[in-house]
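Given below, in the form of structure tokens, are the structures.
There are two complexes below, and they share chain A, which is joined by chain B in the first and by chain C in the second.
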Partner chain A sequence: MKQHKSRLSRIFSAREMPIIVFTLLVYGAFSVMAPNFNTFNNVSVIAQQITINGIVALGMTIVIMIGGMDLSVGSLLSLCGVFAGMMDNAGLPVALTVLLTLVIGTALGALNGLLIVKLHIPDIIVTLATMNIFRGVAVMVTRSQWITDFSDAFLHIGSSKGGLFSIPILLYVAVAVVFAVCLRWLPFGRLLYAVGGNREAAVLMGLNVPSVKIRVYAVNGFLLGLAGLLFASMFGSIQAATAATSLQFQTMGSALIGGANIFGGAGSVLGTVFGTILLGMIKNGLVQIHASEYWLDFITGAVILLALLVNLIQLRKKGRC
Partner chain B sequence: MKKAIAIILAAGLMLAMAACTGTPAPSASTPASGSGSAEGQATRTYFVNPKMVGAAYWEAAKEGALQAGEDLGVEVIWNGTSEVDVAKQINMVTDMITRKVDGIAVAVNDATSMTNVFNQAKEAGIPVVTFDSDSENAERSYCILPDTDEAIGEAFLSALINQMPEPKGKVAVMIASPSAANIIAWRDAALAKIEADYPDIEIVGVYPSNDDQQKAYENAKSFIQANPDLAGILCLAGAETPAACKAVQEAVEAGQLEEGQVKIGGMGIPSLVREYIKDGTMTESVMWNPMSMGYLSVWALDQIAQGNEITDGMEVPGVGTIKVEDDRIYCGTFRFTAEDVDNYQF
Partner chain C sequence: MGETILEMQHIAKAFSGVYALKDAQLTLQKGRVMALVGENGAGKSTLMRILTGIYDHDGGTILYKGQPVHFKNAMQARDAGIAIIHQEFNLFPNLTVAENIFLGDKSVQSHGLVDWQAMNRRAQELVDSIGGTFSVEEKVQELSVQNQQVVEIVKALAANAEVLIMDEPTSALPESEVQHLFRTIRGLKARGVAIVYVSHRLNEIFEICDDITVLRDGVTAFLSEVGATTQQEVVAQMIGKEVTVLYPKQDAEIGGVVFEARHLSDGDTVKDLSFCVHKGEILGLYGLVGSGATECPEALFGLVRGAHGTFLMDGREISLHSPAQAVANRIAYVPPDRHRQGIIRQLSIRFNLTLAVVRRLCTRSVIRRKDEQATVDDYIRKLRVKCAGDSQKVTFLSGGNQQKVVIAKWLATNPALLILNDPTRGVDVGAKAEIYSLISELACAGMAIVITSSEISEILGMSDRILVLNEGVVSREFLRGQADQKSLLSAALMRPDETQGGV
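Up next is the complex of A and B:
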């Protein structure tokens, strides 16, 4: 009995608990206010909508965990998306398009890491530069035209067919599960916490911090390649200049709401997933309750602030800050 | 860290050098514009500033502006920010005033924010025109627009009404930015028309995407969920229409909407709606030619520089007959269907 009780209390005191409860409360509030919010169809629409941001937010989480910051995510997504679209337009088989896009994403992500490590420039400065460079290259190679007219096979990747079992949602779930397992049980995952938590100690312990950084940014780039593919395929068209321009803030928001520490050392897959769900739900819910277009940004910001405060209360209670 | 500082210093130095070499060159054109003579040794230079560079729409406007430059024998500098940004737009125009170009054409992002900048231009003796969206209380000679906001809003609405079996039921309105003066004026005109002439149409909401393709699509998916009995979507910006078409197609495939239940009408950029107008997701759309607006911007600046008057009904080569009302120049809208969509390359 005692054993049972302690396990239960451990679940309720989990780091992610406040954000999960908060998300459920917001879900409940929207369900009361909008008759069509709490329906199976709408849940699958929300799930479909959060896949791109969700995948990118997971990459952002490990970057933040090692004390990094990536402002270039939207630009790299745009670049990968237009490359994928152009390869498809050129008649490449879809499997090859997917493979090459993932390779490009991984390579450019690793480039971010390399520049940070080799030039000893802070992450935020390097990615501020590459944010403009990646976007600029994407605009240049497309000569600013919309990339569209994709093959059916390419469009199939991002298709919403299958409801909750559509390809984008399955991909997102797969990435989240792999991340959760790696961070919790694999040595590489534990390394991230060590590097982000106390870099000096990590160096003294003989950990190869630069190599960890480059690998984290490479993984992040891989996910952006995947997200870029999904973006082009899901919307059936992509424009280099406007695609995902505020993605860095949205995904940072998901990670931080989910309990990631902006100074590194903390971050949780489950938390980030719920952070993403919360933000996606707010977007959908505000449309459903017919909120005035002039209030959307304000309400979104207020709910994010509330979510962060909820996290803080939990940390305070534990005396961690 | 030392390396970082070195790199930043080097970059700063290069910028400074670029700025230094940049200043003397344009000053050569000052006497020409100062004396107002057309046969000065330097050709006249006009700066054309779109809301952003990149979008197909602005690329078409660029083509028109450059074509006008070629036809009129003047130099056209086309430059803009890579995304919609009010502060950067102000800086860019200010830089060009400093550079003393002979005229400036701006597609204004925010109606009120340009007032000071345009005053500076006036003090410097540089004529200013606006195109695509106006800043009507600021010091500008002309504004080049497709048509009156009222006429445009009603034309967009008519594209939707024409497709609906009868003008009744729930209609959602999609806009880009709630702070763009032209889009708000179209919205108001369309909503006023609905209130006056179509009492059976119920507006379920106005949904802004802030020029974000992903958000436009998500909005459409969400309001379709909220209104399973939706009858129409009125799209008042270029990226909204394909987003609405895609969302409706998917809802039909998923069995949430009847095929043909939701009609989509409004602004259609031909290259973006081509597939949807061909597969019948919608049957007609309204647009104007951004090339004409780009062309007219440079043409109007050049008329002002030469002291020529611009009057109603003038024939402009490559554009056609223009309508002039007070200080507004209109190039006109057109309606297109599956039959002639391929005639438009923007």
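Up next is the complex of A and C:
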């Protein structure tokens, strides 16, 4: 049994393979059905559209990987976006606005982690509460008004200039690459798999599991700060009550389609990226083929279910015990 | 004799006033294997948990390499070179073998990044060095149980363990793999590792161990080189003086067969069990941990997926794939873990008591309060449940009274067969006696009863007939009065094919 698998066979047996193949198939199908789908222009549009969800989905992936769950992502994004917009309106230099927004996101993300760890309350309940609190604060400070009239420098962050090399897309790619490297080669990244895979063994190994958890939620918060900035800047305006209201479910969907295990221990950057691409592509493709947008939710759900089934079959095949 | 590496002296440990260990000793030498044996509850696991820093000890000293030590947690013990392989492995199933071995180890990192090549190479060397035949790049969840055990051993080696505790290392292994494990153990001995081998299996102990320590009721009762003792002597030392406790068991009239199981297997611990229970009879099942004695009742009650066998109730074949089927066939089951499986703590006595029969007490889905009240009153009186009233929450009752509520819940279903799985676990002495007389009364009233217990004297005192289980099959059968503690324990310790020769 001690044969090392060849590189090629390892690529084809990778967990992400089914989702990559499926994404390509869907791409092909839409290309045939909609003449404008497979064009450079449309591909850049899709890429631009998925950046926010993509960044948040990566944070969601590491949260799910350690056995956690964050329902508050949409609210925290909204809060960060609103703060960023208000700071810009107040005339702060854009660099400072960016910095402060990222700090706020990180701090509030860490707060989620702290509450979970210190109060011993399940993640889903803490983030259910903060989901309402973050959104509530954002609505209160803006009195539910649209925040708009941003400076040019601020609008530049999210502009789509440069096609596939626009700032949002480059940021997304950068985050994904950093995540992929960290999860594979950084000791801390490997610990995330350990904590999610067998929490008790991790504790017995001497890992400070609570600290790992807080740090993961902090990183998640940082990404939400970044996504909040992009949101306000890309759309040129933001309203606290309506921004990113179902983001937690979309990003959870991307992560799960990409092979993350809801009970922790599994998840990959590549998988989540393709999960995000797939959902973004379906959304765009349905518009291109003039399908009713009422189909979107149904198809998204079906794809998630399908992905979970494929994962299950893969696990059953491998699992001997 | 090798060089002494560890000495535990006069170790004492109490849990909320009850002594688990009173005066335990353990001395380990480099390159030797020490067997640690004792009956269920003799204190073996407590002693090992103290050694590995999971529990703090109340009294006594631990000398490690000549120095007194006091480990505050498992990490300190491990860093000092004391490793344990639990029966349940502590592995990360989703990570590779190499990662499991070196996770968090700075020596396989360069510039703060994991050096996968170096890690895989060193892990493979370690695995190869003890005869492992799998790739360290495989995920642990894809390995067989025996190979997972090898990973645990390699993990200990990588952490430079000098003392290695193996808790029932062969219980999860197929017969064919035991010799392989023994070869590994001999390799470890040659490296000078001191090993504690915790096991019930005397044959294995006499094959692989050098010394033996017998724990009895929290005290080190016997210490010897394996070559200088016999299995008979070890068994005698495990039991010590026979204690006679009086059990309120009345002679019941034993009638015809009520329930019969043929070739019961749960696909895991229980291999092939056939037995029958008669009207008015109390059938005791006895076996050490892992023998199938506690697993058999679970399989009977339909709690184990994949359990199979042929079952007859009053001569009619029935199927028992789920608890619902078991209840429908008039089987009742009192589980061993009252808190998790028996009661719903935050609800009232009344609610708990009528839970299993609530449908029978309903007209058009509405509970008939009067009938419910009558049932509740009836059983509280019959079972002498001491409570402030039937609306009292079960959590406020004593352990014994909680257990009575569980039993009452099942009696209300009017069962033909009552299965009691360790019914007095965690119940104080006075309440125990009451539960015993209740069981005896039920048998006198003609109920067929199956009882298991971790206490050997309970089985001896209560049963009309005893089946001793070992390795998932019946190794011996005793009638009431035929067995004593020694013969029962001997039968439980011997592999089934050897018991015919006797001890």
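We take it that the second predicted complex is superposed on the first by the 312 of 321 C-alpha atoms of A that agree within 3 Å, B and C clash if a C-alpha of one lies under 4 Å from a C-alpha of the other, contacts with A are read in each partner's own complex, and residues count from 1 in each chain.
To be clear about the criterion, a contact is a pair of C-beta atoms (placed from the backbone, for glycine too) under 8 Å apart; a residue touches a chain by one contact, two chains touch by 3 or more.
These figures come from a predicted structure and were not determined experimentally.
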Chain B versus chain C as contact partner of A:283, first or second or both or neither: first
Touch count on chain A, higher of chain B and chain C: B
Touching partner for A:191 - first (chain B), second (chain C), both, neither: second
Which superposed partner A:230 touches (first chain B, second chain C, both, neither): neither
First, second, both or neither for A:257, with chain B first and chain C second: neither
Touching partner for A:266 - first (chain B), second (chain C), both, neither: second
Which superposed partner A:200 touches (first chain B, second chain C, both, neither): second
Doubly contacted chain A residues - partners chain C and chain B: none
Chain A - residues contacting chain C, complex: 1-5, 184-187, 190-191, 193-194, 196-198, 200-202, 204-207, 261, 265-266, 318-321
Chain B partner contacts - residues on chain A that touch it in the complex: 34, 36-37, 39, 41-42, 45, 48-49, 52, 119-122, 125, 135-136, 139, 143-146, 148-149, 160-161, 163, 231, 234-246, 283-284, 287-288, 290, 293-294, 296
Chain C residues within the chain A interface of the complex: 73-75, 78, 90-95, 99, 103-104, 109, 112-114, 116, 133-135, 137, 139, 141-145
Chain A-touching residues of chain B, taken from the complex the two chains share: 1, 3-4, 7, 52-56, 58-59, 82-83, 175, 178, 204-208, 211-215, 217-219, 221-223, 225-228, 239, 242-243, 246, 250, 253-254, 256, 271-272, 275
